[in-house]
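Here chain A shows up in two complexes: once beside chain B, once beside chain C.
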Partner chain A sequence: MTHLWPIAKITFLEGLRSRVFFGLFIVALLLFSSTYTLSYLFPRDVVKVAVDLGLGITSLIGLILTLFLGTQLLAKDLEQRTIHMVLAKAVSRSDYIVGKFAGLAMIIVCSMVVLGGFASVASWTVDRLTADQYGVIHWPIFLLALLMMTLMLMLLASVIFFFSSFASSTFLALGLTLVIYLIGQSVEELKHFLETGAEGVVISPVFLKIVTGAYYIFPNLAAFNFKAQAAHGLAVPLADVVWSFLYGVFYIGVMITSSAWIFRRREFS
Partner chain B sequence: MCYANRGPLVDSIIFDNVTKTYSSQSTAGRVAVDHVSLSIPQGEIFGFLGPNGAGKSTAIKILLNLIFPTAGHALLLGKPVADTAVRSRVGYLPESPNFYDHLTPEELLWFGGKTSGLGASRIKERTDSLLGLVDLGRVRRQRLRTFSKGMIQRAGVALALVNDPDVVILDEPMSGLDPLGRRLMADIIRRLKHDGKTVFFSSHILHDVEDLCDRVGIIVKGRLMRVAGLADVLSVPATGWCLIVRATPETVQSHLIGVAAAYTTRGGLTEIKTVEKDLARVLDRLGALKEDLVSAIPVRPTLEDIFLQEIERADGELP
Partner chain C sequence: MARALVAPSVLAVLIAGHLFFAFQLQSKRVDIVQQSEELRLFPPAAMKLLSLEYRDLVADLIFSRTMSFHGGVLKRGEKLDAPTWQAIYQRLDAVSQLDPYFVDPYYFGQAVLTWDAQMPREANALLDRGRRYRTEDWVMPFFMGFNAFYFLHDKPQGAAYLMEAAQRPRSPPLVGLLAARLSSESSGGETAIAFLQELEAKTDDQVAKEEIRKRIGALRGIWILERAVQDYRGRFGSAPADLSELVKRGVLGELPTDPYGGVFYLNNQGKVWTTSDLRPVT
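And now, the complex of A and B:
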């Protein structure tokens, strides 16, 4: 694990110098600049809407960036055989995967700092210019929501790496990751719904077991969603934050370790 | 670094009965490398010859641990190829190299140096000297995506050499280069030889191999058909003579009636090809024409002849 930094650095530079990166930032800037107008489409709670909107745009752009760069970074190396040049150096397969992931994680952090900065400025501007006396931005929760969003994107990036480590095509890796994202966003809610039940609805115990199994296998991405708490200023128990953080780090660890394990057995002809 | 200053000689590259059979759906059962055994001592330039698809690149990828042998094993500098650390003493130039095109040559060499364990000052020193050597000094801060194919190849050479490797593996290093680029590459290979490095390069450009190598190995259909010193391959008795005379073919023919010889004309000169035993007779018959004799060259099998012979032999012997 001694060559992580050079791999992480060139990966970070690759992301930073990609046209998609700048394209998305321009789109983000346009969306953030329209926050003021969009917020006023709502009759009340203008500041809450602005915070929700700002975090939503950050989340959306961050997601597109992670999905696109995550699949591209590994796939390009494999398709263009750039990986031959890297692995011909004293770089182990594990170094390569962890270094690449570290580079992508740096891109995600960098993007979230910039996007979060845009969202903060947009929300703050709405807060300043509005007469909404109940609208207060809860900055610590706002920051927490951004941090957890960053962790969620890193988790998603690790899932992309896992699929890319054995998938034969970029589209397959991207498709599988999208499926995981959709399941991850809703599995907690579905499990909760099935467990609490609804009047007059009979739920098959087998189906309940399948959903419970999926809950433990697939990443529970809802655990990282603190957007509503940030918008409404709701208190967030410390235990929830710690649990989500540890869960995210653990899941990333499992995905990256598995990717490295698969990669060590892969041939590059 | 001078060869004499190095430690005891060891085999830099060893293939020990290496076989690679592909098992994927499209290539199932195809034997790419078939029981290849070969050892290359330190300081030797070894030319790995073979037609396209013969298994040259597969053998190189086995050496770099990019693909794994089905049977046998390969060693680099006495260590198994799976040992990551040994590659800090190896340089590799892939065929038609693709590098991160968002990087500049300077950044590319920084990456190569760092991953080989070099310190910052050593990387700077090597970068300055190598970019000068491959004539990329003026574009050292220009992105690789703006480079021509030849420039990319030269950047690849610099990357392969940044760690001052003991073993340099070059996969078709001359392909895609213009005459100047080829001469530069040949000079670099000679310089590596002078510095006591081991150079293993694959090629199907026979002239380059003939010009540079100490030994050659000819691989056909995955099987190593022949390994021999270049001197041994080429130091065989002449099979005939080629005489060039400043005269018309009709004049030459009139002097050589009854003697077995072949004639061709080129720019006012007539080329006479004859076998060894008839040389004295031909020279005798030419008589007065001897004054117009431009040259008399013994004809020996070239590397190309030997290469083609081995391909024919493989076609006959191998399925």
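And now, the complex of A and C:
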């Protein structure tokens, strides 16, 4: 366990030096600066649109960042064979995985603080410059949405680690994670749609069973989406937050433990 | 020397060619771009799935495109036909399904679907979602009540929506008075009176309270007289020629007075109304 912190620290610094990181921040800044103009295209719900844009841009950039840095950080060590050097230094493979993940999680937190800061400033500016009848920002829910978004990205990072632990190529891990993201965002809605049914549509019970199965296997990423609540200032029951949070933490735990377990059995050429 | 000119001249020819084709392409694509203004729409259930975690942003986008499509048509001075109005309605409906709390599509629908499109039923179907989700917003049932009353000529339904609007927070007292007026014109005055009494109890503003009390007085007068007229019919087999007969033949002790300063009378349909028309007589 003693090697955990140095690995995390190195991963964190390595990530910060990545060019992807700064490129994306510049894109984010440009997007955030459009918030003011775009939200004023709407007649009434100006602040709502500003919050939609702020949180939407944050989660989109955060997502790209997590996908790229996540796959890059592990793949680099494997492809450049630096992993042999690290593992030769009596660092256990589980320490390596957990340390790497901790480093990536720190990067995600840092990026979300910066991106969330940008989003807050952009939304706050719109809020200040408009009368209250065009909406107000509900800061506690806004911050909650950012926090849950961060947890969702960490969960996705743990899925990347899981796939990277056995996939032979970076692209495979990236592709699989992307598929998980798409399923994770829509599985809850799909399950709900199939259960409630639509008029004139016959749903095969086998398909419903498959989707229900998928719901329990794949991460339900919609559970971390509090953007609509933040935009409209809707009440968020404390239980919802607690369950989503614990669900996220345990899913990450399962993913990282399995990654470490698979990684320990992997043979390096 | 000649070789040095090859690259620039080839480039010049290519740029000229590019400009030529760019203009050609642009003129060819005008139709395509205009067609895409009509925006093919996925069914809302599919859009909910496809928009992933960006459902609110997709709602914003579809709404702003609908607005600019409508604006473009207005600017060109074109008239919209029924299928296009239907498409606009479907778009607003999809937006409100993606983000049912978003207020703009409801206001936009109220503005264009009723007056311009002559689609008050669709406007109310749209607003009904707003009414169910935006439970603190009195404007949603207020619009619905107005549409029911003014466009659909359904006074009882209109009154019911206005009463709902009046019971929501921050609704102006005027809404309650309007609801009571519609209700007393359409159904029995009892509903209107009961509703106004509740409203009076909830109102803090003294001027508004006084106004509500006046209306309760007038409506109670109408209600007493209507019951007396019914009683008269039962006893003498026909309606009285005018209200003073009620006192003459002993059905009522005395005629109630209208707090607005008007006089109660029997109108052509045999209903009791007042010369003040429930407004202060000056």
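In the analysis below, the second predicted complex is superposed on the first by the 267 of 269 C-alpha atoms of A that agree within 3 Å, B and C clash if a C-alpha of one lies under 4 Å from a C-alpha of the other, contacts with A are read in each partner's own complex, and residues count from 1 in each chain.
Definition applied: contacts are C-beta pairs under 8 Å (C-beta built on N, C-alpha and C of every residue); 3 or more make two chains touch, one makes a residue touch a chain.
A quick note: this is a predicted structure, and the numbers were derived from the prediction, not measured.
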Inset, instruction - Put chain B and chain C onto chain A via the superposition and say whether they clash or fit. - result: fit
Inset, instruction - Report for A:E189: first if it touches chain B alone, second if chain C alone, otherwise both or neither. - result: second
Inset, instruction - Figure out whether A:S259 sits in contact with chain B (first) or chain C (second), or with both, or with neither. - result: neither
Legend entry - Which of chain B and chain C A:Q72 touches, first, second, both or neither: neither
Inset, instruction - Could you look at A:A90 and tell me whether it touches chain B, chain C, both or neither (first, second, both, neither)? - result: first
Inset, instruction - Identify the partner contact of A:S158: answer first if only chain B is touched, second if only chain C is, both if each is, neither if none is. - result: neither
Inset, instruction - Could you tell me if A:S120 is touching chain B, chain C, both of them or neither one (first, second, both, neither)? - result: neither
Inset, instruction - In the overlay, answer first, second, both or neither for which of chain B and chain C A:T82 touches. - result: first
Inset, instruction - Examine A:E267 and indicate which partner it touches, taking first as chain B and second as chain C; both and neither are also allowed. - result: first
Inset, instruction - Please work out whether A:L13 is in contact with chain B alone, chain C alone, both, or neither, and reply first, second, both or neither. - result: first
Legend entry - Superposition-derived minimum Cα distance between chain C and chain B (Å): 35
Inset, instruction - Please name which positions on chain A make contact with chain B in the complex. - result: 2-3, 5-7, 9-10, 13-14, 17-18, 80-82, 84-92, 95, 267-269
Legend entry - In the complex with chain A, residue positions of chain B that touch it: 22, 58, 61, 64-68, 84-88, 90, 92, 94, 97-100, 102-103, 107, 110-112, 114-117, 156, 159
Legend entry - Residue numbers on chain C that touch chain A, as the complex places them: 45, 48-50, 52-57, 60, 63-64, 67, 99, 101-104, 107-108
Legend entry - Sites on chain A touched by chain C in the complex: 41-45, 48-49, 52-53, 56, 59-60, 182, 185-186, 189-190, 193, 198, 221-222, 225, 227-228, 231-232, 234
